[in-house]
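You will see two complexes here that share chain A, one where it goes with chain B and one where it goes with chain C.
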Partner chain A sequence: MCGITALQLRDPGLRPRLGALMAAMMAQVAERGPDSAGITIYPEIAVLKGVGHPAVLATEWRLHEISGTQAVAHTRMATESAITAAHCHPFVVGDGLSLVHNGSFANHATIRRELLARGVAFDSDNDSEVAARFLAYRLDSGDDLEKALRLLCERFDGFYTLAVQTPDAFAVVRDVIACKPAIIAETPGWVAMASEYRALAVLPGIEAARVYEPEPEEVYLWTST
Partner chain B sequence: MSFDEIRERARLGRYPIRGGGARRAVPTFDDLTFLTASASRYPLEGYREHCATRTVLGAANARDPVVLEIPITIAGMSFGALSAPAKEALGRAASEVGTATTTGDGGMTPEERMSSKTLVYQCLPSRYGFNPDDLRAADAIEVVLGQGAKPGGGGMLMGQKLGPRVAAMRTLPEGIDQRSACRHPDWTGPDDLRIKIEELREATDWRVPVFVKIGATRVYHDVRLAATAGADVVVVDGMQGGTGATQDVFIEHTGIPTLAAVRLAADALADFPDVALIVSGGIRSGADVAKALALGADAVSIGMAALVALGCNDTVHDFGPASYADLGTTAGNCVACHTGGCPVGIATQSPGLQARLDPVRGAERVANYLRAITMETTMLARACGKADVHHLEPEDLVALTVEAAAMARVPLAGTEWIPGR
Partner chain C sequence: MDIDLSTTTVRTANATLRALPPGATARLTNPAGRHNLAVGLTEEITVEIDGTAGYYVGGLSKNATVLVHGTTGWGAGENLMSGLIRVDGDASQSLAASAHGGTIVVRGDASLRAGISLKGATVLVAGNVGDHCGFMAQAGTILVGGDAGRGLGDSLYEAVIYVAGRIKDLGADARVEELAESDVELVARLAKQHGFDHIDPENVTRVASARQLYHWGTP
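And now, the complex of A and B:
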């Protein structure tokens, strides 16, 4: 129902090309999410969101001109909440945590109520925002990102493939059944994750990359270099 | 009140007493329906994908919390109201499916202790049969403030059922009507209750959880006070909850429907994340269980339904010696638990009638029933995309009537309208 792409650069020489590479990746998952799209680019934590076809948005944003160290993007086919820029992923919360989600949570209303009771504020009625706020709340409580993602797996029910970035890290996690697609590729120059392999195929050096499917409820985490 | 009921009172000069629960039509869980998954949500595969039912109660305070394999327990029903074989059968059934059963007014029998893996020991206003030895043999303690069939009233056991064993356990004379106290002798308010709960914890060395059971009336405040007083689990029994004997006027004219009570109780516990909620009163099907959990219960309790599974109102003794006809009723309509003449050997102390109930075969039926409604519960949870029945939430439900929408505070089907919101 949605497309995810995420990229963390290890080779500083690729940084000027970050936006161009993300635009190319997003174009490959546009069918999965033609309603709207969004992206966070680090280290500036520049957040771009809009309603419309992802390829059109990437051009509007002049994404190919943007450089950076890592980025996480989402192309959206809305399930339960409205098609507006505010409902677009990534949900960027706390100290620069960005989360994109493919799937739908089954118990998010209860978790939202629990977080509201603890003083957490929300910007939208989107189920994915609940996951982002949950992670930020756990990080605020002193957990590291890996622990917070494990707790998320314990607490959240439903179907999800999540890509999360913070100023220091990039992580991927899937639910116990793992039926929403995800594929990871790693080379000495970068680590990338996408909903489909074709979005990874646009990356330089993909032919020599280590390509694998993330396991259910396993937290994959890479720290920024 | 019907003309017949007026004539009955005119003839007797007193009020009628009976068993069972409220028979009038009130809004129930049947007035709600689930929004199961299609495209915006995904259902879980019933034959391959796990849906958890395990329920842990009282882990915050008790060294040995109550661990249930299913979110359905058997409610308190006394030895006295029920026969010894009936109590044994309920214990066997509960143990077989991994859940708890509960004592009642009059104390704990060795048969039910032995047959029940997890036994909740009630502390009632009467304190009949209550003693420190049985207290320490229990897996949880339930302080009973009230019961859905008669909130504000006390227990009752007619003289016909006060046989030698029951009378001895309660230190009462045989054959004389027992009317239990309606409030505890050593405490009245929540301040005293707090001390009572500490006393019970001390007596059991902080080993087992303490439940507090209330009849559903002023639910929000009562549940909050029970939690504030230190309960690990609050049990809320709605007006459809049954009894072995009480005044008809209590059964039909006190308390609020279970459907309305759940939401109020869940609201009251919003600030007490460690306190669990058990709901009872009219729970019959897996749909009832799933809806109660969705509205905020952690588990449900069943009484009447377990007795029906055991053989209550079975047609085998419609006629013949000691039949429903002798009680002036028929199978399917019998609420004559109070008479002690139960034709199927469940609500009786008569040795001849008790012999009609085989505890082993009865337990099989109750265990089958518990398994079946657990499967129904997980079926609905999976269809809502939940890998754990406790992940059901109010947003999974809509109401079919305006009354149910208002009580359960879920939207009327096809609208976003919640009356009063």
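And now, the complex of A and C:
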């Protein structure tokens, strides 16, 4: 299962509340991933990961006190590797690229071998890290994030909803069958994505937001302001 | 009766609804995308939901009328037996999955796999439907007032799909068939009944099974 929440703030006035908003969103998808959680907060690229209930972790991290411009978080129900902090998402690689994943990749071992042959190093045996390393490798090769995500769709088999952030962008993409849920909401003050609407319902101004589901294999990308 | 979901658990709310007598009405406020609202109802009651419902709203119910004044998450009306579910906004994936009977009406759009494995219910979507609408639908009727996505009617059995707009492409074993007078009458009746005035019953596309993937009754 697993839960994803991500938020990019367009209204600078909301930045002091970024951590509090993310904590509230994560609590709403805690049932989707109760064994561990993690979050990356920009612009400092602060990465927090831990084993345990997401709501407890958010309190331990004092997440509500943290400000920032955007963040991406994950609540994990482990399927492909051990329940440890090292296997928690987000996987943060390259020049500050953070990736969270709901789903499972079928051909991650093959792609891992191809990347290893090209000199890419890995920190874990997690399938989602392969996707993060693939994207970082493509960015290093000169592709932009949108192209790198399109190549990922061509290359990876399996089920996935991915939320990706870099220091200057936020992107969402799903597999061709779109078996894993994703909802996007946008207002003039923010753009957010979550596995379930109830995580978006805690955001200010949700009543007036444009809410929609991302289409299969469409790359949705927003630039940071 | 009003039930405020910001102060009442879904379990308590559903137990309260199930205890209502036939003819009763209830309103659920502050749903905030909560799952499993108004599921497993058995009596002829009317439930109105003010806002966004989560997964499986109205599922597993019979006889009841569930009116959602907002959008819904996955599986709205899943395994419905009879009665009516009406969604004023959009519906997420797997609308009316495996619904045996009753009517599910969406006034907005429906996402992927609407009517998947349908088993006899009637599904009406005023707007567009996503990919694989009617996948493996065994019985029942799907009427789409807008456009249909990829793989429409893939592996369809005996259900019939009518589409007023464009069809991106058909799924395996689905084919376009000529409209009969009975089709036009059915579409006209459903459109009138549910206020789908934008549908011209004589200009819908009928999609049914080519019957090449299954062989019932053959030795």
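In this text, the second predicted complex is superposed on the first by the 225 of 225 C-alpha atoms of A that agree within 3 Å, B and C clash if a C-alpha of one lies under 4 Å from a C-alpha of the other, contacts with A are read in each partner's own complex, and residues count from 1 in each chain.
Everything that follows uses one rule, which is that a contact is a pair of C-beta atoms (placed from the backbone, for glycine too) under 8 Å apart; a residue touches a chain by one contact, two chains touch by 3 or more.
Model, not experiment: these values are computed from the prediction.
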item	value
Partner chain in contact with A:181 - chain B first, chain C second, else both or neither	second
First, second, both or neither for A:196, with chain B first and chain C second	second
Which superposed partner A:56 touches (first chain B, second chain C, both, neither)	neither
First (chain B), second (chain C), both or neither touched by A:116	neither
First (chain B), second (chain C), both or neither touched by A:211	second
First (chain B), second (chain C), both or neither touched by A:83	neither
Overlap of the chain B and chain C footprints on chain A, listed as residue numbers	177
Chain C contact footprint on chain A (complex, rising order)	177-178, 181, 183, 196-198, 200-201, 211-213, 215-216
Residues of chain C defined as touching chain A within the complex	32-35, 52, 54-55, 71, 73-74, 90, 92-93, 111-112, 130-131
Residues of chain B touching chain A in the complex	37, 39-42, 44, 49, 270-271, 273, 384-388, 391, 393-395
Chain A to chain B touching residues, read off their complex	79-80, 103-104, 106-107, 109-110, 113-114, 117, 157-159, 176-177, 179
